[in-house]
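Order of writing sets the chain letters: A, B, C, D and E. Residues in each chain are counted from 1.
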Amino acid sequence: MNQVKELPGEAVAAAKQSPSLGNSLRGYVERLRGGDMGALPAVLGLIVLCSAFAAARPAFVTSINFANLFTQGAAVTLIAMGLVFVLLLGEIDLSAGFASGVCAAVLAVALSEMGLPWYVAVAGAILTGVVIGVVLGTLVAKVGIPSFVVTLAAFLAFQGLVLVLVDEGTNISIRDPVIVAVANKNLPPWLGWAMYAGCVAVFAAVQLLRARNRSRRGLAAEPLSLIGARVGTLALIAGLAVYVLNLERSRNPALVSLTGVPIVVPVILALLVLWTLVLRRTAFGRHIYAVGGNTEAARRAGIAVDRIKISAFVICSCMAAVGGVVAASRASSVDPNTGGSSVLLYAVGAAVIGGTSLFGGKGRVLDAVLGGAVVAVIENGMGLMGYGASVKYLVTGSVLLLAAGVDALARKRAAAAGLR
Amino acid sequence: MTPLLETRGIDKSFGPVKVLHKVEFSAYAGEVTALVGDNGAGKSTLVKCVGGIHPIDAGAIYFDGRQVQVNSPRDAGDLGIEIVYQDLALCDNLDIVQNMFLGRERRNGLLLDEAGMEELAERTLSSLSVRTVKSIRQQVSSLSGGQRQTVAIAKAVLWNSKVVILDEPTAALGVAQTAQVLELVRRLADTGLAVVLISHNMNDVFAVSDRIAALYLGRTAAQVRTADVTHAQVVELITSGRSGDLGLKNGVTP
Amino acid sequence: GGESGQTSTTSSASAQQPQQSQKPGKIGVILPDSKSSARWETADRKYLEEAFKAAGVEYDIQNAQNDKTAFQTIADQMITNGATVLMIVNLDSGTGKTVIDKARSQGVATIDYDRLTLGGGAAYYVSFDNTKVGQLQGEGLVKCLADKKAAKPIVAYLNGSPTDNNATLFKNGYDGVLKPKFDSGEYVKGPDQSVPDWDNAQAGTIFEQMLTKEPKIAGVLAANDGLGNAAITVLKKNNLNGKVPVTGQDATVQGLQNILAGDQCMTVYKAVKKEADAAAKLAVALAKGEKPQASGSVKDPETGQDVPSELLEPQAVYADSVKDVVADGYVTKEELCAGDFAKKCTEAGIQ
Amino acid sequence: MNQVKELPGEAVAAAKQSPSLGNSLRGYVERLRGGDMGALPAVLGLIVLCSAFAAARPAFVTSINFANLFTQGAAVTLIAMGLVFVLLLGEIDLSAGFASGVCAAVLAVALSEMGLPWYVAVAGAILTGVVIGVVLGTLVAKVGIPSFVVTLAAFLAFQGLVLVLVDEGTNISIRDPVIVAVANKNLPPWLGWAMYAGCVAVFAAVQLLRARNRSRRGLAAEPLSLIGARVGTLALIAGLAVYVLNLERSRNPALVSLTGVPIVVPVILALLVLWTLVLRRTAFGRHIYAVGGNTEAARRAGIAVDRIKISAFVICSCMAAVGGVVAASRASSVDPNTGGSSVLLYAVGAAVIGGTSLFGGKGRVLDAVLGGAVVAVIENGMGLMGYGASVKYLVTGSVLLLAAGVDALARKRAAAAGLR
Amino acid sequence: MTPLLETRGIDKSFGPVKVLHKVEFSAYAGEVTALVGDNGAGKSTLVKCVGGIHPIDAGAIYFDGRQVQVNSPRDAGDLGIEIVYQDLALCDNLDIVQNMFLGRERRNGLLLDEAGMEELAERTLSSLSVRTVKSIRQQVSSLSGGQRQTVAIAKAVLWNSKVVILDEPTAALGVAQTAQVLELVRRLADTGLAVVLISHNMNDVFAVSDRIAALYLGRTAAQVRTADVTHAQVVELITSGRSGDLGLKNGVTP
């Protein structure tokens, strides 16, 4: 009766020892069941969507459609990536769509009316984005007008600005081969493979170095087997994608050969990696999360909240500029509708569907890409269904709800398991 | 001896409500100064004024004998004033390590030195005898009340500061943890810092403090050496603003 | 009812008096939007302003930006501001009628410009025939397909905005030409979709998906030049540009350039200046208290009444007639023949 | 030295005694300076706007323009009033604009195609609003999809629904005299005065009764003089408005007489009073604020959070239906654009400009009316300026920013004084 | 004697982390039961399980001898369980009166009986000796730490409940207020309620409690009568889970 046994301190102990692969996998499943779903719900929604469309229209799973998906979703995804920064702060940018229109118009005017070389024109467009971001950010952070109102005003003003730039409604063609190539041309197949190899190698190296560094300091590090599994999965999926995109997808191979990874894909990937690094691995990114999570705590920690806010708006507008350039490239023209109609709602929707919170403090750039994929798949699939205007709207709405519903139910199940 | 931190005649109103009336307060290097007062006496408000969170209406703050302007928490940090606020002010969406280094992240070139920060955080936390935290990569939203408080304290003592102000740091702590924090408070003062401790627990106050300052309804009731007063006197100062010779006369400190 | 009420403001000033003898009234013009077509802001506004300035009348031209509420608000405001003649391009007949009724009740004369307000009873109607525009587009596509000697071609429709009544009229026009051919099996009907807000970016995606689903599309009926250009961009990507004829409308610089490049088969040119001049003449006369005479009339299908009208003919433009548009001054040679197009312009005989 | 004086306990004491008029006024000024600005910033913004327009265009201050203002802003204001409920919860309803379109289309179909009497048609439109609200609310509260995504999907689906209802793009005229009268006709002048008298009397009676009740219970009550001043101010302003609206404003009085308070004015007033009562004086309203302020605290207090959320969406959609009826009346027709274009953004903007927070917990129905007035004044004023398309967009954006900036700076000054 | 409130074998995990292991706990009518344990021991989690905020993974809750399902705070309220949570859970955007009556507003027909609520709130608050609250129509966001806590306590004792659970109610309170709350706790128990008091302050625990339940790392270490143990024994139970014969053996309560 008096024999006291040592109490199990498993949890504490487990955190200390370097976990094995089995352990880690078990941990992952537990985390999933525990509610830390990461990207899984969005991916689930995406899979359900794709299966539905594939079942309805076999053309959906052709390699040409796969390639189309990327170019169709690129602009919205890029804008959504920038919006993540603003949303992380709990702010909103309603003007991102028309900001992309303004930047695209600047690009078009520089290219087609002033005859400047493409790199100057692109620089001009991005610079316009910076200026827009500084103005919006200052009004929100320094003057203290709610971002909804500032960007609603900008939403109106930028429509006027686009109209001024494109001369009250004319449609400016873009014929610069470099710009047009961005959204309409592909990488040569060998370059696709080379990039693939480079990316996988760098990813593996970074993972290994980090684990080495941590275990050298005696901190819990991931086991080699887990890193191997992760790198392997990435290599497999990416390899498959590159392979499919490198297949001949021309309707008429004799006439024209259409192969290779669309140029927008490495553009999106590079920006995804860049912004993910910024958010996850720099002090600036940390501060963005802090301001979004608890502005007062961030201020008390000595963070220059105003500067963080302005920077986020600058990043958002810059990404809008990039999105505008891609949109202009894809349409090979700029008109007063560029960046208008549904672009903004789709972009914010993409970020939110991916899991970014409108209240700030929660979200990742990857979310925007996943959400952008959902939006692109819906638009792409609906295009294949060939419905009339009214039915198309109705079905698009329902499909969006379906994808979001799968996601919400997955999260809800997890939340019921304990975490919220 | 000049006090390291001193406030002279600080007034502070929230709209129509005047919360601080000409408050005088000093804290000396190498000493623990206890700041006591009833609920709503204005202790936290005074601390927030010193920390640059609330602008003051009148009066001045002196640091090491010089008058200083503290317009933002940044200014306070630059002076070397580190504060644990009563309402803790942690970012619920960040984990323990991220919160502890918030605003002063360690870097490796452009990128964050995550491993370094994790190591240091672990060491500081374990010195505060927090045994039940499962992982220091846990989000602070999932911490218990005492664990949150420990994180906030650990965050404040991690830096090379000159003044450390702790607003009811042991309110949510267990017996062992409280002892640890009081010991830490003493240790900090012994290394030459000026430590300000706000507490409602008279035992703790008498255990570690060198001086006691009492606020009553937003007014400085008394500033005395701990050795010169008794338990009962301090309680009287807190609840009625005066005790014998000590305390408020005609609304001013003698 | 078309003429009733309008002239009650004429008061005692007789129509024959010299213009300067009495201060003429003010003319308000409401344009529909600036996004479905560039013409409203670049052409109509310019020509109307020129005409009003020449006549020396006060005027106020505004754009409702495809917003019905704004349309009514602007009308209210123009009347508040003292307009005596209101010239509107309605967004739909319902709002148009409300505005016309309200104007008439306040003694303001109204002109339907470009679009007839059904049941509205405006004093005059000046327009191109929108169904005719669609008809020209249909005929144009038939001609181009014949030139390409396409057998049983699949024809895709890229219609205008589903919420724009004009898009419906255009469609009625080209359906009238093409439907018999579908029925007879001469052509095959392909995908048929509307483009929300005439948005070119969405048009690109919509057409790309049409082509994915139906790779053998051999002709595209695009409702205007912008939509046409969206289709051409996708065709270019598949190296099909020039092989698949595409239609358009509005004779924009972009459309004309696409025609010169051989990527677009035709566009429809509406001599906006003529339309604007005709309307301005009527408006100025009304503002001066005269009662002008219109050359023809159109029957309002809802009320069955005749509305005095000036109707103008749209004109189909092919590669060989691009020069006519330049000659008309609708686009300048500088804009059209910039850069690479200089050579093509010369080939097309543009001076 | 030993003479201890009693410490001043003024503040506590002051709250106990019944304050005099002078006291109350002083308290109000102190409160203002202290940051509790209430409606003042929005009113300030409004005054600045009106002065600017009046200076630029004398026609702005005519009685006809004053009357126009009400009918022009009515629909957006009504929708904004409903949105306040959803915004108070920290949710958003992007579909409110098109929901009003759907309800208007139901009205039009019932009236013009089915030939039903107007009250049945209106009931049908409102019922449609209820159904929409229940569906949206359930998806948000029970399934747990973020409201942004649910209502974005609804935004798309409702566009389709409107198209279906109005038969793919035609537009349905409304000729029912009662419905058309709502936004286009005026009350007879005597009725305007009668309503005026009634309102002032009821207001005075309520104020007096409350003060009597409170002082009977020994609670701090407002002094008669303050109540008198307040009732007097209301009577003066409202009297002036009724007087101006009862002036002849026809451009051609011989042809047609145009006098009286527009019918929408009492409609808006009645709904304003109703919803203010609901928010301020019922348990339901209290719970709305609680859920918006701290959902978890509300849940712990035993409030049925889901039911509150669903109810808020129902109220929002019902008000959208009312707004849709007014819009249909004003346009005397319904087409696929009804409730589209800028309606939603203006409505949310109206609520936010008035001072409603997008984060929930803060806002009043009166805010929506004030914000709606700002939006209406901008639109009305810009219509008088006669700018071209692009300039108009630019100036509208700037003017909106100006109005919001006045408001923000007023609040900021107050916040600097201590309260936040 | 059947306990009024009893938990049997409650397990609770947050994702991969198991926080409660087969927890046994009983509270009796007319008695004050103190629940003690180190920071992070699981006290607040246990209370939240009983309050219907967290669903439990295993085990059962008994009320007055009957097994009950508590799936939401509503259920707990319907049973007559009133809880003051450690994280207070007040609506910052509402004022003191509104918070105190939240979810149980008094009505006059359809409308709220504001005057009645204000009167009652004023009476309750003044009985808790809060002297510095300027107006009970103040938003709770502007209250001091102690004032907030007093409001939360006042809110819980306003109702006719059968069980009152207070999670560290005196943590932020001043000397006088603490005494007042402890007296209130005793008074509530004496009127026949089951009162559960969570506290880290052993003096308070011994001053008012009839029984003590100790948690250690999520396990029930002991449930004893206060009269049967000493101060030191309880501290030992808290910090190491056992004390002589008492406490955990082989991980189970003897």
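To be clear about the criterion, a contact is a pair of C-beta atoms (placed from the backbone, for glycine too) under 8 Å apart; a residue touches a chain by one contact, two chains touch by 3 or more.
Nothing here was measured: the structure is a model prediction, and the numbers come from that model.
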Fewest touching-chain hops separating chain B from chain E: 1
Partner chains shared by chain A and chain E (touch criterion as defined above): B, D
D-E against C-D, pair bridged by the larger set of C-beta contacts: C-D
Per Cα centroids, the chain farthest from chain D: B
Chain A and chain D: spacing of chain centres that average the CA atoms, whole Å: 37
Chain A and chain C, separation of their C-alpha mean positions in angstrom: 40
Computed distance of Cα centres, chain B from chain A, in Å: 43
Residues within chain B bordering two or more other chains: 14, 17, 131, 134, 142, 217
Residues of chain A touching at least two other chains: 11, 163, 168-169, 388-390, 392, 419
Numbers and ranges of chain C residues touching at least 2 other chains: 34, 40-41, 45, 162
Chain A - residues contacting chain D, complex: 90, 92, 94, 139, 143-146, 148-150, 152-161, 163-164, 168-169, 345, 348-349, 352-353, 357-359, 388-398, 400-401, 404-405, 407-409, 411-412
Partner chain E, residues of chain B touching it in the complex: 14, 17, 37-41, 44-45, 86-87, 130-134, 142-147, 150, 168, 171-178, 200, 202, 217, 235, 238-239
Chain B residues within the chain A interface of the complex: 51, 53, 72-74, 77, 83, 85, 89-94, 98, 102-105, 107, 110-112, 114-116, 118-119, 131, 134-135, 142
List of chain A residues in touch with chain C within their complex: 57, 59, 62, 64-65, 68, 72, 75, 112, 115, 163, 167-173, 175, 184, 250-252, 255-256, 258, 327, 330-333, 335-338, 340-343, 379-380, 382-384, 386, 388-390, 392
Chain B contact footprint on chain A (complex, rising order): 11-12, 15, 213-214, 217-219, 277, 281-283, 286-287, 289-290, 292-294, 296-304, 361-362, 419
